[in-house]
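Next come two complexes, and both contain chain A; in the first it sits with chain B, in the second with chain C.
This part shows the complex of A and B:
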């Protein structure tokens, strides 16, 4: 049954027109139908909505998004330029669809499952069904609902108890010109059983793509003692919208680390909601957003300390030039009983032009009495004393500025343990900075 | 060496007047430094010592209202701070700035290459530079771990000053200005810094050693000593002048012009 139309959006017609072509069994169709109804009920958020006040989605409402072609044209050279060395496996998607030729999954050890959502759906896997049904129960997030309605592919990574990966897994999303006016809705599932350990790097690149929407949703669960390090690099084409929402459940003594590097897209939003659901759980959320032109880069995090002895660390940095706008809103919720919570949040912004804007919104809600929570936010410019010091040694002013700007950015890169990932990120950051500050 | 070239002044300051925020700090200062000479500029707080150092280095925020500064015969005012550095002027900062995230060696290599490019010389690559810099470090007895750290970040007072001297030795200036390099140093650190400076003394390199105390001049022995007070050089002499000053105090030079507060120069 299709739910009654509350707010007709451009997605409604596309859904009805393409409904029969979307994959999945009857249960999946039922989920999709209820999800599109849910989305229509909520509508595309506007800036009047507090949670969406930094992001202008008006143009989204005016675009008639299509589904990407089932036979994407693969730009192998582009994809290969983003292949990381020293990985355990590579999972590559072109225009939203899994591409086996560009992927490399031969060396996965026992106890690791890595497959595409399309394959999981075709096998009608019950875990997938359960996960999707669970998330549908409380999808108060409009774009999670929209993702459920349209989802077609993505990746599933499951590690059995005690399985520890020594090398990272790379997930690569390459977008082509054919994505013009398309919307893709990748859905990822990461599940680490007790004491499992993995490092994943997700890259979203589409330098030649025009206006399209990439609406990514991830569901992540870490069981007791599991450790996941997740690094994301978003360098999509300058005309597109990139929305990325993750929900992460961190169990007892589990350890979740996220690093988000946002460089591309005209409009982007990175959203991470963490539930520290077991005692002694730990999460570290770091982000670096660099924007110029008329880019808008929005970051939203929620860390829910549900039980005692949890630790959360948050450090987001923005570098904004041109007329770019960057936003960070970070909510820390310490529930009643979440005693001995230890939480630190920090957001620092560097403005490179008079027209750039940075917004920072810390939100602390604390219902326990024995907690340690700190937060800080700064918005500033380059330090004139530092610039002079460099100039007094013969370094030209423009070069001094770019050196200092890179220094501001690089500490989040330097803390990456894996050498190959770090070198890759250094390149990405330098390249983006050279566009924005003319290094 | 050609005698005629040696006799040309490296630095010639003529009747220099300068203001900060409308307040006159230098009030007709004259100074001539020949190649290879070490000049000490002494004076009480607020006499304009640091202002002079900053003006020579090209720092913004000072207005020159009269007189001129000739460096190698060229008008210094036409050059930006980085151009002065490339032409061989080096300021050892009183308060070296910490620059987190910029590696000390990377910073220095960038500086060296900026200067080399200015001279039309090829750039040094990382390997060449490292061996060049390491030799300099050994000479100065510097702790090698300073190379892997960010510029001055977390350095002790002594390490910062030593890093200034190290930079000086790498950049090989023609005119080195030491702005109160002795401030905040204990006697051992002072000795090492002075040894570093002495090792750099050369016939084609001049020094302007700015200090409040005579102590530093026990170790860096100057050719000339000047007393700066009230924005002017009020007395000049040889190294014995410094000792006399130490004994008798600045009041002795008879300057009623001494003002308090060095304004921007301290900041």
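This part shows the complex of A and C:
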């Protein structure tokens, strides 16, 4: 049955108790069993693990996580508040389960497949089986293993060759109060065939939820010349843990753009691992993390330049007040033979309070000589000269500070092409800022 | 152009290690192996006071509980610590030379070959040399002149004999034996080293210098250096190394501790050119060193400058603890790896006091199959209001088989902190070479010029005598890697 238990984790009992209720055929069960064994072997990472040194997961070890209820309470008003205008489709999940009523998928053009993982498990079983079995994601990652053990839902977006979406697709995850002490493990699959193009915005919101774990894993693959722009907004409740891991394979001349906005959750970690596997591939990773209270917002990125002529751009910004901690760890790996790689990485942090902390770990690992790589990292506070400039023009100090802080944050929003998304993000950022800085 | 470059590379990498020879001096060595008895024997041999022996034994007990660290970016065959000779002193030293004439002529010849003849040094540069060969000081010069102003500059063993109170007060205060695996090992078995004490208000009248050299085969060298600068004093200390050619890997685990009190300044410069192993990575020195300074006093300053061109593996992080308010820490480094050399080096700047400032400037050059990593930590603690750091690390890659890595850590816990880090990686472009060649400069000279330009900011920080040597050294080390 299940491999011997190496380390009992808070998830072990829940897994054994709920194993029979988890969906899937025998192959899926086998996968789950080996995954939970894998997770137990690794255990919950501690700050002694180099990759987890800025994130404290001790409290996670103390919670006995349950699975969310099969019939979630739907708070329509809350969900609707996050509906974006001008989208091509909307895919909505409540407490980790797909909700058809709140979703809107009627206008999808031919060549686009958008369905829930639960549906794919019955309808496209063999495809899902293939995807999971030769999963690109690394089983040495404890939370990926945990996700595989418990996975139940998520979304699958497939674009056929040459299909180009003009409008964005919104994915909305809404969490309710019923999630207290629950853990959900959404798994997403995005596949863009040659020359396909899509824009996706994922929102994770759970303002009223208590302590729960949202452990998201995404697998993304872009074929030759495909373009994906992926925007993520994390505004979870202030007691929860949000872990988000993505593995992205960017093929020849393909173009991947990611924007990550981390505002909510007590413990948040956003990880993106990119493989630039085709020549002339491009990726741009941007992130904004704003924290207050006792939040810990951790970001980790790896960009692996496997072949020549790749370009990568990375820009993460942090604004930290209260007792918040923000961390950025970014690795750029240029493999042997990945000549003419052009890579830039930048991390800037703004500390607003005496108890806030910013940690930054930008890394370059380079095995090719004809490359252009640079990285930079800064930690600082608002420039007193700039504040003086504004005050000399009759602007009060508090307002001057909030203006400058907003300016620091907004340049990541300003570069968003889609008007609706930009307006939505502007709202989100100013709302979060007003909580932390007080506008 | 590319092809020619490769030819040149072939031809030049075969250049032999200039300092690879072995002088035959009768050594007074222990057998291999490390037990409590070894430590007692070392201590007895050196006629050490009780407190030091106890300290060594405590360190040894602690060392036994540790295991070798594995986080570093270097690969090497595991070291068998029982297969090392822990003490070896040149025999003819027994009575201790009183002047240069009494120095073993064999040793003198060796220094002559290295181009650091004591006479020369004395006459031309006015540098006092405390030459360390195989763990015991054999000659100390200019001692009297220094004594006039109250500066103590002697071997560690002598300091233990004559100034035990100072040793007792400062030993292990910056690098405690619990610090890390190699520091614990060193604390248990260190054989000798240098001791410098600059009294209050004294500006040391000359650059102090030691040359370390590992001579007898299979002898690990465990040096320990302690420099104390009292209030308002200044000292510039130079350390340079070359080692003879050996096939066995040799371990070098030194500890350097610096203490700067109020308004004191210590400048510590290193040129390290130990045997790097052959082009296939056979042999070479393992250089695992713990170097740390503590800016204990108000407005004190510690500055590390290093030029690392030798050793099979260099693994060290000269660090500064900025404890006193307004204290300043600096780190200037050039690290070059060629053939199969590996380097994981950098610094730690720990800001504890208010208005503390630190500057880090690191230049890494990788050639051949060399792997060069910068690893650094800048930590601003909660009370370090107004702390400021600027870090720049640049890497230059020569050839497509080498690697350059940068692992900086920034941890800021004070909102007034200003921390900046910048890093770039580049190669010498064909256009640059073309530009020089067009003006009649040979390709080799062009590369040397460009690399020296790349390192200029660091070389400028070296004392004059060293700057010249360092540039020449870089030229020699690079000759094999023009690309």
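Just so it is clear, the second predicted complex is superposed on the first by the 435 of 439 C-alpha atoms of A that agree within 3 Å, B and C clash if a C-alpha of one lies under 4 Å from a C-alpha of the other, contacts with A are read in each partner's own complex, and residues count from 1 in each chain.
Just so it is clear, a residue touches a chain if its C-beta (ideal position, glycine included) is under 8 Å from a C-beta of that chain, and two chains touch if they have at least 3 such contacts.
The shown structure was predicted, so the numbers you read here are calculated from the model rather than taken from an experiment.
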Using the superposition on chain A, decide if chain B and chain C clash or fit.
fit
Which holds for A:356: it touches chain B only (first), chain C only (second), both, or neither?
second
Is A:381 in contact with chain B, with chain C, with both, or with neither (first, second, both, neither)?
second
If you stack the two complexes on chain A, which partner ends up touching A:370: first (chain B), second (chain C), both, or neither?
second
Look at the residues of chain A and decide whether chain B or chain C touches more of them.
C
For A:393, using the defined touch cut-off, is the partner it touches chain B, chain C, both, or neither? Pick first, second, both or neither.
first
With both complexes overlaid on chain A, does A:105 touch chain B (first), chain C (second), both or neither?
neither
So, A:74: does it touch chain B (first), chain C (second), both, or neither?
neither
Using the touch definition from the top, say if A:50 reaches chain B (first), chain C (second), both or neither.
second
Just to be sure I read the superposition right, which of the two partners does A:410 touch: chain B = first, chain C = second, or both, or neither?
first
Please provide the least distance in Å between a C-alpha atom of chain B and a C-alpha atom of chain C in the combined superposition.
16
What is the shared patch of chain A, the residues that chain B and chain C both contact?
none
Quick one: which bits of chain A touch chain B in the complex? Just the residue numbers, please.
383, 385-386, 388-397, 399-400, 403-404, 406-408, 410-411
Using the touch definition from the top, list the residues of chain B that touch chain A in their complex.
57-60, 80-82, 85-86, 90-91, 93, 96-97, 99-102, 107-108, 110-112, 114-115, 118, 150-151, 167, 171
Within the complex, chain C is touched by chain A residues 50, 336-337, 339, 349, 351-381
So in the complex, which bits of chain C are touching chain A?
71, 380, 382, 395, 397-427, 483
